[in-house]
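Quick one: this structure, given as structure tokens, is what I'll be asking you about.
Order of writing sets the labels: A, B, C and D. Residues in every chain begin at 1.
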Amino acid sequence: MHRTEQEQAELLKEISGVDTKKCMKCGKCSASCPAYEEMDIRPHQFVSYVQNGDVKALLKSKSIWKCLSCFACVERCPRDVKPAKLIEAVRLMVIRERGGNYLTPDEVPELLDEELPQQLLASAFRKYSK
Amino acid sequence: MQVEKTQEFRPKIVAFCCNWCSYAGADLAGSSRLAYPADVKIIRVPCSCRVNPMFILRAFQRGADGVILCGCHPGDCHYTTGNYYARRRMTLLFSMLDYLGVENGRTRVEWVSAAEGVKFSTTMNEFVAKIHSLGENVRLGDLRCKKD
Amino acid sequence: MQRIGVFVCHCGTNIAATVDVARVVEAAAKEPGVVHAEDYQYMCSEAGQLKIREAIKEKNLTGIVVCSCSPRMHENTFRQAAERAGINPYMVEIANIREHCSWIHKDIEEATEKAVILARAAIAKVTLNAPLQSGTSRVVKRALVIGGGIAGIQTALDIADAGYEVDIVEKTPSIGGRMSQLDKTFPTLDCSACILTPKMVEAAAHDKITIYTYSEVEKVSGFVGDFQVDIRKKARSVDMSKCTGCGVCQEKCPSKKTPNEFNRGLNTRSAIYTPFAQAIPNVPVIDRENCIKFKTGKCGVCSKVCQAGAIDYEQKDEIVTQNYGAIVVATGFDTIKLDKFDEYSYSTSPDVITSLELERIMNAAGPTKGHLERMSDHKPPKSMVFIQCVGSRCADKRGKSYCSKICCMYTAKHAMLIRDKYPDVEVTVFYIDVRTPGKNFDEFYRRAVEEYGVNYIKGQVGKVAEKGGKLLVQGVDLIDNKRILMETDMVVLATAIEPNPDVRKIATMLTASIDTNNFLTESHAKLRPVESPTAGIFLSGVCQGPKDIPETVAQAGAAAVKVVGLLAKDHLVTNPCTAKSDELLCNGCSSCEKVCPYGAISYEEKEVNDHGIRETRRVAVVNSALCQGCGACTVACPSGAMDLQGFSNRQILAEVDAICR
Amino acid sequence: MVYSYYPGCTLKNKAQDLDRYARMSAEALGFTLEEIEEWQCCGAVYPQASDEIATKLSAVRALNDAKEKGRDLVTLCSACHHVIKRVNDDMQNVEDIRTRANNYLKLDAPYEGETKVLHFLEVLRDRVGFDTLKEKVVNPLTGRKIGAYYGCLLLRPSGVMAFDDPENPTIIEDFIRALGAEAVVYPYRNECCGGYISLKEKALAGNLVDHVMESAVDKGAEELITACPLCLYNLKNSGSSKKVPVHYITELLAEALGLIKE
């Protein structure tokens, strides 16, 4: 199903439950984000990009694979915007498309090591693949 | 001409308006020349909470086809909380009227501020149209009051 | 039987163009009780009023109906006309045939028909009108001001200068309030104490002002013009008439570990103390919770060293009861607690401070004697970071939804003062918006940036972490879209302000309304900003909403004018359209009392004569001075005992009947 | 007192110590952790999207199992705790998720979030009490300087997790003190170590671990404890800074209770 960028933005808002209009553009999410330096589009920008219907750039952003799901942005946002939910929604939009997976089973063997906990694989597949 | 007039349904509509917001809103509708049907007659009360459900029952009994209560917006009541009392009382009354067979559309509560002349006029137009669609009220009318 | 006169106004062509005035007169004349009906070009004109007066006299009218414009326009005019002709002003009813009729209908037939019905309803109502007498109530020519900060002091001074007695009740041992804790004030940078202390002295010396410090309002009853208030004067344990304020007791007091409230806990004070050197009155109090004598019975050092013999361990709280015509609330504010904002490490690092704490640090009489230093190691900082909007503009439960209004300006002030006095200290301000609406405010902020080199960064701080004896500030610069990770020596938090927590208790005593943020509600946001909706209660300062000093002083003056306007009256005229209970019908159920927003209904055991049977019953009594005439009680009353004069059940039903006839 | 216990995938495998010591300590402290039957992996990541239902079902099954037994559900792994606690909150408060999850599961009675989810540490704090724990310590860890590593999942979002103050937590410090050791408070104890992304983003994870370790060392910690197997793995294996040893909370607990025989 093909959606326009605006429709994608609406869908992102719907599945994330984020009301982008609540943002007062203070940047505390980005100030709190431990993965900030690794991100090409920053947490606060996810909110304004979706608000402006600029979804294409987000779908290509490497930030969605860098988000740690640590919820620091959610916890510290003064306006209760929850940027992490928006980032996850974008990630879902990517991996729900055919070929969108960021991790495939054949990659796994070389990533493994002796002590690696099962939990890491379980979480990696949940975050990166559908 | 005369015959046509009597055949046309002219509803009787009573509007209770609180002195501070809605009555002033009606004044503003007037000074802004915002028309609404002449079927609406306004009774001034100090506050929407002054309106006793008995007044509304009496209106229906005496042949009114619709009754509307207008007060200040929630939080704006001149007497702080009067409109909340009114809202609760009317909710109860309307559900009882519904039970008695008086259609829900014949009664209405609306918050109209002193600045909302447009809203007052729109509300009255809507309400009169609604009453027109419901036709004459026969349920509570006191037969003794009925004139041929 | 009433003799009613009906007067139909043309209002030029405003009415007459769409309403057939003659037909209205004709129809009105046929209504029962109507003995006179006429129309005139302009009823509100002197000539029109004369017609009314003459008709009243000639036809012995007992009530009149004027069919004209809205009663909101000329009801008073016609009431006065009636009164001049010798009938009760409340025997007048208006049929609004202009705003509610001629102006909105085009069809003459329709409009005339409606005008007749409106006239009929007014006639039906006036038939049941009864003469009403406005009561009067006394005005006690004395005002109470709750709170002795700059708002309370200014209000009291203005009222007292107008010649009325004022009492100030202040909870702490001295007047002065928050302003006395400040170092300098924006935008002129004058020293706070230099401009405040003269006012404190003036208030203390004023022969019309009585100051109750270390005192609290305990109980309030009565109503506008005549409130009765109990003030609890807490035991000071020091005889105010004997104490000379020499300060030896404070010096010698062995208990010196109590956090010093005036210095925001940055240092400690003795158990016997005055909050600050310029305190008024300059008489210490003994903080009994921390005094060794009170805790263990041993000690008594202060008593031994006091040459004046002023120490009195036996002193008791005292209740002063006083009547007031008006009450002003000036309870001020505090900064919010920061325990929910520990991403800034306020709880864990002494070098993270609030702006109010910085005021004390920068003040020459403060804990560091005015030297800018870190509280952890007392070393001067090389760099400082200010964080704006801490707890303000929050949609979540951690903070406050509103802008605290003063922070942008005091932060610019702090930044500027520090750069001025310590040019080698780097100052960085993280902001969301810089809000400077005020005279010379934006210029002041720009000076901080342009002349003093304060580094303003648009963005917020996510975390402040102690590291290697310094503070690591992790923030973001939204303009450059880059991460800021900087080490600094001190972090200052522009902490949100909130109304003094005591205000809720006080508002309840005064039946003054309060909003979800605990700010007192004004009667009208634009037009009655210093009046509470409760008659006789006025608002001064931050208790009504965040304000800086100039605004507070302006509002304090405005509140004083309103108070003076009230106290200048010899008596108050009460609205006669008040509720009235029929004691024979009243069953004493309290339903009316519960819905009354004014506390105007009370109960009395009264002897009644019910058809010859004398008995004592509990019946509702309305205090007509308090009743505002909303009518909530009339509907709540299950037995129909409560009715509203001027808008009685019978009157309204008569209108309903007339309209539906 | 018997609690239903959800061990999760890792505790049955790479983190068997965390599990084993928890059960031993529980018995010593007078309660039993009874593993629920046929539990399934919770997925280790809470699915935040409103249209994700299937990924929440394993948590609902575990919650319902505890409900049917009339017990509280105890978890130990931070990720399991996070997922199960948040899914439970959804089942309580989000009507759409509740309806759809129940439609899928067709349980005897619909599950509506009745089960109380407790972290093992919460059992120690709120049910056993740290004072009681202190009394039961036979081998106090005197002189050891231990830093608590909370990570993110136990604390945030605080509205749902309600575990402790999200920015200045104290529960693990109180636990450390109860065991007789010195608790070292350091500011990065609630900053994420990047465990989730350590599979594919080694550099970033290493960076974050370095921040945590540096912060802990700066404040004088000589060892760290954590409740999360993923954090433990990541803190040990990522980054390049000077490291201190990292243990599971239960390892120290068992040691202090004298349950580990050398």
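Here is the rule we use: a residue touches a chain if its C-beta (ideal position, glycine included) is under 8 Å from a C-beta of that chain, and two chains touch if they have at least 3 such contacts.
Quick caveat: nothing in here was measured; it's all calculated off a predicted structure.
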Centre-most chain [mean C-alpha coordinates]: C
Between the pairs A-C and C-D, the one where more C-beta pairs touch: A-C
From subunit D, the most remote chain by mean C-alpha position: B
Intercentroid distance (Cα basis), subunit D paired with subunit C, Å: 50
Inter-centroid spacing, subunit C versus subunit A (mean Cα positions, whole Å): 48
CA centroid of subunit B to CA centroid of subunit C, Å: 36
Residue numbers of subunit A (touch at least two other chains): 72
Per-residue multi-chain contacts in subunit C, two or more chains: 343, 463
Shared-contact residues (touching 2 or more other chains) in subunit D: 167, 191
Which chain pairs touch, all of them: A-C, A-D, B-C, C-D
Subunit C-touching residues of subunit A, taken from the complex the two chains share: 22, 24-33, 36-37, 42, 44-45, 72, 76-80
Of all residues in subunit C, those that touch subunit A in their complex: 343, 389, 393-396, 398-399, 432, 458-463, 474-476, 478, 481, 483-484
Subunit C-touching residues of subunit D, taken from the complex the two chains share: 165, 167-168, 185, 187-188, 191, 214-215, 218-219
Complex contacts: residues of subunit A adjacent to subunit D: 14-17, 34-35, 38, 65-72, 74-75, 84-85, 88-89, 92, 102-103, 111, 113, 115-124, 126-128
Partner subunit D, residues of subunit C touching it in the complex: 339-343, 345, 347-348, 463-468, 472
